[in-house]
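Next come two complexes, and both contain chain A; in the first it sits with chain B, in the second with chain C.
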Partner chain A sequence: MAISKEKLDKMLEVYPSKVKKSRKSHIMIKDGCETQTIEANTRTVPGIITNRGCAFAGCKGVVLGPLKDMIHIVHGPVGCAFYTWGTRRNKAKTEDPAKNFLNYCVTTDMQESDIVFGGEKKLMNVIDDVMEEFNPAAITLTATCPIGLIGDDMGAVAKSAEEKYGVSVLHFNCEGYKGVSQSAGHHIANNVLVDKIIGQGEKEQADSKYAINLLGEYNIGGDGWEIERILNDIGYEVVSVMTGDGSYEDLKNAHVAELNLVQCHRSINYIAEMLETKYGIPWLKVNFIGIDATIETLRNMAMYFGEQDLIDQTEKIIAKELSEIEGKLEQYKKITQNKTSFCFVGGSRGHHYQGLFAELGIETVLAGYEFAHRDDYEGREVIPDIKIDADSKNIPDLKVEPDPDRFRLRIPEKLYEELKAKIPLSEYKGMNADMADGTVIVDDLNHYETEEFIKIFKPDIFASGIKDKYVVQKMGIPAKQLHSYDYSGPYAGFKGALNFAADVSMSFATPTWNFIAPPWKGEPLLDGKIEKGAE
Partner chain B sequence: MNAKNVNINPCHMCMPMGGVLAFKGIEKSVVVIHGSQGCSTYIRRHIAEHFNEPVDVGSTSLNEKGTVYGGEDNLKKGLENIIRVYNPKMIGVLTTCLAETIGEDIKRMTETFIKDTGLSHVQIIPVHTAGYSGSHSEGFFSSVRRILENTVIPSEPNGKIGLIIPNISPADIRELKRMMKLFSLPYVVLPDFSDSLDGVYQKQYLKLSPHGTKIKDIQTMSGLKAIIEFSATLQDDLSPGEYMKKEYGVPLYRIPLPVGLRFSDQLISVLREISGKKAPKMLLEERGRLLDAMIDAHKHNAQGKTLLYLEPEQLYATISLLEENGVGIVLAATGSEYSTIAKKEIRQKDRLFTGADFDLIFKEAEGQDIDFAIGNSDGRVLTEKRGIPLLRRGFPIHDRMGGGRILSVGYAGSIQLLDSITNMILDKKLTSYRQQMTEKLLEPLKNGAESRGESYGDKI
Partner chain C sequence: MLDNTTKEIRERKSKGLINPAKTCQPVGAMYAALGIYKCLPHSHGSQGCCSYHRMHLTRHFRDPIMASTSSFTEGASVFGGAANLKASIRNVFTIYNPDVMAVHTTCLSETIGDDLPSIIGGSEVPEDKIVFYANTPSYHGSHVTGFSNMTKGMVQHFSTATEEEKKEQVNVIPGFVNPGDMREIKRILSLMKIRYIMFPDTSGVVDAPMTGEYVMFPEGGTKIEDLKDTGNSKATISMGLSASADAGLALEKKCRVPNYTLNTPIGVKATDEFIMKLLKIGVSKVPAELEEERGQLVDIMTDTHFHFHGKKVAIFGDPDVVISTTEFLLSLGMVPVHVLTGTPGESFVKTITEMLDHAGLKANVKAGGDLLMFHQWIKNEPVDLLIGNTYGKYIARAEDLPLIRIGFPVLDRSVHSYLPIVGYKGAMRIVEMVSNALLDRADRDAADEDFELVM
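Take a look at the complex of A and B:
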């Protein structure tokens, strides 16, 4: 099934003309013969039921939330804290279980009087309570909508708390109304992590020569742990993970790594760029979702370090991992092949999972991101062309300089350029390049369009979030929730691919779909026949 | 009241959450939340996960510009778009912390919108639900009250009985309706999300649920014979029923949720009084069955100790059921600070906590012998950290299926709740019985034999 421009036009006719024009610029039918652009990271149309969240969600919910050894104080009324409490399934373990604070939801729970008279005093009192009860090494303060408006100076409170307790207290002005989606919050969080945590550690060099940071991996369902297992087997030292199962203590020394791996480009590329400028650590776009993507990533990493023993060990581990899943994927493929999918997730998974779907014989016919920017679709080369609008200008851009003591070129410039031609160093080509002609790419897909596109394409599976999952299932189509994996995972790496195949197969093969039509379907409604002469 | 400043692991959510739940019970209605889009996204996500149903809520997606210059333009566009795409009969416009802090006058804005557009087929209900003005429980009732204030018109007596409910499960709503049918009494339930949040599978997905309280039925609630409102712990100025009594003189019965024998009896008494009818035989049989179950279960329950945290109405009613059957209450808590539950007759008033969080619950439960807890999924840490098993009740239940299908009201629902409670106690008892008996009886025998220089093993 495909869609023509005319059909798309008709579908959007329900909108008022201005909205139609706007939404049209966020939707493209892939045509490899044309240079196509897509609108992204612009304001959401009010009243169109979007899946997007807010800056607070991106900052506290996504980036900071997984940092396990910090207490995250949400400064505001209760809702925002409650709604980001343990909802992302980001797993974490600490050596001392008492220093794992992920199960806690801490808030100033502001009341009307706090809004009227200001909440700084309450915030300070809450920090006192937190120090007494948890004594954490570091604290984050995140702002919800009213904070900026009532003029609470979180920075001043953070400063006096730092003086009082001698611990790090970081504040994030991530009020929900900033920017156009959670993407603004990622950026705000990234800035503070680089400015206030990374580099605060004493370490001057890593423990081993293959030292990496894993960026943009949030350990949903244990993905990060599965990736780390493979990396450790090859001989890499994972200095820090940002931020799944991440810790303040590890982050402080992230500056010693030799290479940064970027899994989720959207949420964390700012840190990757800043660390390259400040410390000279190059970054490599990686993808651990899908078998081929994982293999390619591991080989690219080995090529970056360039040492034969690492290259050999990489091949050895790839062969070992493959042998352990050999043949097992085939049984699932019998069920999954020749099917089609929609793949609409947040800011990177919409792209990453297409390869894994393809390995299962599932063709992605529609894909998109909730809160991505144009570079996530069209590749980083469009970054200079992206217009900075008023909404993006509000997010401070942290300018970093090379660190006078710690900046060190990790590899010679000439080698860097040579490598750049072969592997995605400081490079991301975006989703569009990998999509076939005739497929549809949609930015900020909404509730109405979801339903309409499903009617047109009739996909066999829909990969999306919790909110839209039930709409899809009500339409009789299996939904695979890819934000927090529906109580499953890990899906990363080789074994993760197998888990994913099992979960997807189970959705296709559940006997339940056979019972939709009752056994009496097609039988006459009334038993018996009309007697002659009864009329 | 909770003396400290910090809230650690809250027991309550914010007002707009309750507002969305209330509007879900009105036919062909949709909510537009006036604020950052995070509010609507979070609320959709949490409701969807509890009910396993689609929950569609619009947002005016206020950004920095709207925050500085006011959000009227966004609200107008939001309303226009949602009307174009969804064609709702009713739109609830709920405010947020953001909208309230910048002082958005949504009443004037929505009136202007209606005047300018001349729309007559859609009703817009503005509700002030600042996240800092109360919990989701208060948001629920104030939204119901605003729906009435904006919808009801004077009408002829219609002989129907109105049931105004708190945030109970779709299964509970269905049970209340069944009781009314057994009584052969015509009724209007407000709000009624028994279908919209626990829908049947259908091939044709409808964007807006056609189920819920009919707007026509809400308009004519001024003609009701009486209103029964399950709001024993609600402050008067939030009570939808008090408004109807004051404005239209509709007789009002404010009673607790019919959980347990006494509170179910109270509902039956009120129905008898209003209708002049005797209680139907089937309900009397169910009462007898509940009583029988209570007698059978009392010996187990009298040995049980529990802690519970629920929304105020559920809390009050569940305490009553526990007291009736002799279950010990180590502590009872609610996250709401505004309910009047503390003024109610409760045996162990000193163990009742309002404005509670889980930090307080943990501290108050410290060193206490507790068999099980009753409350929403967020109490799972009680199991993880203290080994206290959790009987999942209330909202939200996001780590188990069927939150919307849990039945606790009426005689029939009370039996189910009672059995679940007894079985929690039995489960603990039966899994630890052997070990306890060994420690209590067998070990002393063995020790005694050994101290006498005998080999205990030889004797048995």
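Take a look at the complex of A and C:
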């Protein structure tokens, strides 16, 4: 079922005119014959029931939270620390379990007096307690909304704590009101990681020649581990992961990698770009979701390094992985094929999962991102055209220079240009290019539109998050959480695709859908029976 | 698992928290507001607040939790959130069309000092629609305080004494409990044949049935005319000092409805007190059905006492629930040795300590504490059973303890929000949970030769 422009227009009619104008620019019906643009990374209209979160969520919740060997102190009232404590499934393990702090949640728990008189002293005292209890090598301080308003100088506290303890104390001014979504927080976190952690290590060279960093992989449900397993089998050295199962210790030496892989473009592309400028490390847009995408990614990586042994080993591992899942997808496809989906996730999965859905015979008819920018939709070529509004201006853009000692071209410029024509080297073409004509692309999809688009398209499955999951399921439509994976996973790589297929087909096959209508509804209640001899 | 938690309890320099046992006010306010029929809670702050609260509530209830946000930006934070709230009010009624919008504040809007009554007063609210508010600064109290403040806000905005004589009806404020508990309290009130108004009442809202159709504003929730009519009731029973008393007292002050604050009716004693209060208020008798339930409960407690008598328990959670549950543990002959709430307030410590004194016991008791300290207590004095919300599972694993999940939030188990822990039936359920946890543990730990069929 497709949607016409007129129908879309009618659907938006319920909105007050200003809201309608705004929302219209965030929705497009894909038409490959036209040059289409979409509005993104602009304010959500107040009162709209959005899925979006805030800058703090993007900074502490997404990028910093998974760094396992740091204590993350949240400076503010208790809530923000509480909600980012163990809620995102960014798994981590350490050889010495005492070096994994992810099960600890630390907050200054600001009280009214701290708001009135300032919370710097309390913050310093909390650092003292943290050093006494945990003695971590590094600490992050993240700001919640009131901090910027009352003017607490976290930088000064961080500096004096560093002097006092000789450990790294990083502060992030990621107050929730900054920017228009989590995206602002990603940027703030990216800046500090490049400025204060990456490059602080003493390593000048990686241990092996195929050294990579994996960026924008948060190890939800163990995705990162599954990717790393495959990469290690091929012979890659994973120097650091940003940031799933990531660590301060590994991050310090991330500058030695030969290539950065970018999984989630939205949340981490700033680091990828800055590392290219500062150290000369090119980045490759990768996608480990879906079998074809994983194979393509692995081949692109091999092509980048260009050595025959690596290319051969890549093919060998691809064949091995494929043989291990061979024939196993079919049983699930019997259930999943010829179905349609909505795929609305954060900043990359809205795109990545479409391929995996397609492999299961599920066509994505509507997709979108919660907090992406135009380049995530239209490709990086639009970046120069994106107008910087007041909300983006508030997020500092860190300008880096080539490191005089450590900048090194990883590959000759000529080869770089040749490769660029073949593989997405320092390039992301965005989601829209991969979507079929007539499909709908929606930025910052909201509750009203969710309901309406479902009525129009009647998708078989809705892939989104926890806040709309049960809304959709109440309608009798399976909803698959693609932020938390419904507590399952991994979904990355070959075996992950199989897990995903099993979970998705389960959501169709569960007998529970059969019981929605009670038997006494829709059936005649008078059960007449003619007895013998009564006629 | 929690490998950095030491047995040694060091005096901490700050009053910060490590592994909190509370969260912030707005989530409680959002939950309370869902207990009004056709009400959309509105979070006046950054988008993240609303998102986090909806996330946590949705995970606890596994049902849609709808709420809107003022979507503050930096500009709003500097110049005030009036324009955002006004736009929100206009958009919410145009697009989602609730009957009521319940606005709560956040640490952001409280810090900048947005004056809600004047902003709402200056907003275009459609005829027959209502916008009311509660101040819920996140830097004071806890999620329970937020629930209390929103409930009190309902009284301040709606309750009106219009009749000369008070009606033969009681107001019941159930406190921060699950819809399953609210349903059970209502069932008891129906059995007692007394007309009642329960507020807030989230049953039918966050435990809505699967029908194949999504309804944004389901049938549950206290009706506005009932909320107004609370001013005409002859009494209010507010359950729980922390979550409900303030609303009951405000109603007493505003409409001269006598308020009786009782413990949340968890366990035999607290439920008895609830029934006795209803009798004193004027219900003529206890129905045989309820008396039979009570008899069954006491029968179970006696028949199975050897499963739990003398076992040591560590319990944490919200003050009202912990107070009543601790009391029930004492009634079962169990020994609470660590009792903690994250919500500040010394009355908690006083109440628990008095209970323990009465039973001739001593324990670690703290209000405003955190789970690091709680865990350290357990390391210093081990227990047989842990009771608390989902966050307790890390301690349970670290110390190899059975955990039963009571309280908010429960994020890793389901059905809990549908089934009561209040009333005699709820007490049976707690006995079952406690017994099963301990017996499953005994089975797991038994040597083959000691593994028994009958227990």
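We take it that the second predicted complex is superposed on the first by the 522 of 535 C-alpha atoms of A that agree within 3 Å, B and C clash if a C-alpha of one lies under 4 Å from a C-alpha of the other, contacts with A are read in each partner's own complex, and residues count from 1 in each chain.
What we mean here is this: a residue touches a chain if its C-beta (ideal position, glycine included) is under 8 Å from a C-beta of that chain, and two chains touch if they have at least 3 such contacts.
Model, not experiment: these values are computed from the prediction.
S.K.: Is A:44 touching anything from chain B or chain C once the two structures are fitted on A? First, second, both or neither.
M.R.: both
S.K.: Just chain B (first), just chain C (second), both, or neither: which does A:108 touch?
M.R.: A:108 sits against chain B and chain C alike.
S.K.: So, A:98: does it touch chain B (first), chain C (second), both, or neither?
M.R.: second
S.K.: In the superposed arrangement, does A:23 touch chain B (first), chain C (second), both or neither?
M.R.: A:23: touches no partner chain.
S.K.: Can A:373 be said to touch chain B (first), chain C (second), both, or neither?
M.R.: A:373 sits against neither chain B nor chain C.
S.K.: Which partner does A:349 reach: the first (chain B), the second (chain C), both, or neither?
M.R.: A:349 sits against neither chain B nor chain C.
S.K.: Which chain A residues lie in the overlap of the chain B contact set and the chain C contact set?
M.R.: Dual-contact residues (chain A): 14-16, 19, 43-57, 73, 76-83, 85, 87, 103-112, 114-115, 122, 125-126, 128-130, 133, 144-146, 149-150, 175-182, 390-391, 394, 447-448, 451, 466-471, 474-476, 516.
S.K.: Residue numbers of chain A touching chain C in their complex, please.
M.R.: 14-16, 19, 43-57, 73, 76-83, 85-87, 97-98, 100-101, 103-112, 114-115, 122, 125-126, 128-130, 132-134, 144-146, 148-150, 175-182, 390-391, 394, 447-448, 451, 466-476, 516-517
S.K.: State the interface residues of chain A toward chain B in the complex, per the touch definition above.
M.R.: The contact residues of chain A facing chain B are 14-16, 19, 43-57, 73, 76-85, 87, 103-112, 114-115, 122, 125-126, 128-130, 133, 144-146, 149-150, 175-182, 390-391, 394, 447-448, 451, 465-471, 474-476, 516.
S.K.: Which of the residues in chain C come into contact with chain A in the complex?
M.R.: 1-4, 6, 10, 12-20, 22-24, 26-27, 42, 45-49, 51-56, 58-59, 62-77, 84-85, 87-92, 94-96, 106-108, 111-112, 137-140, 142, 208, 210-216, 372, 391, 394, 411
S.K.: Quick one: in the complex, what on chain B touches chain A?
M.R.: For this pair, the touching residues of chain B are 4-10, 12-14, 16-17, 32, 35-39, 41-46, 48-49, 52-67, 74-75, 77-82, 84-86, 96-98, 100-102, 130-133, 135, 199, 201-203, 205, 207, 335, 357, 359, 378, 381, 384.
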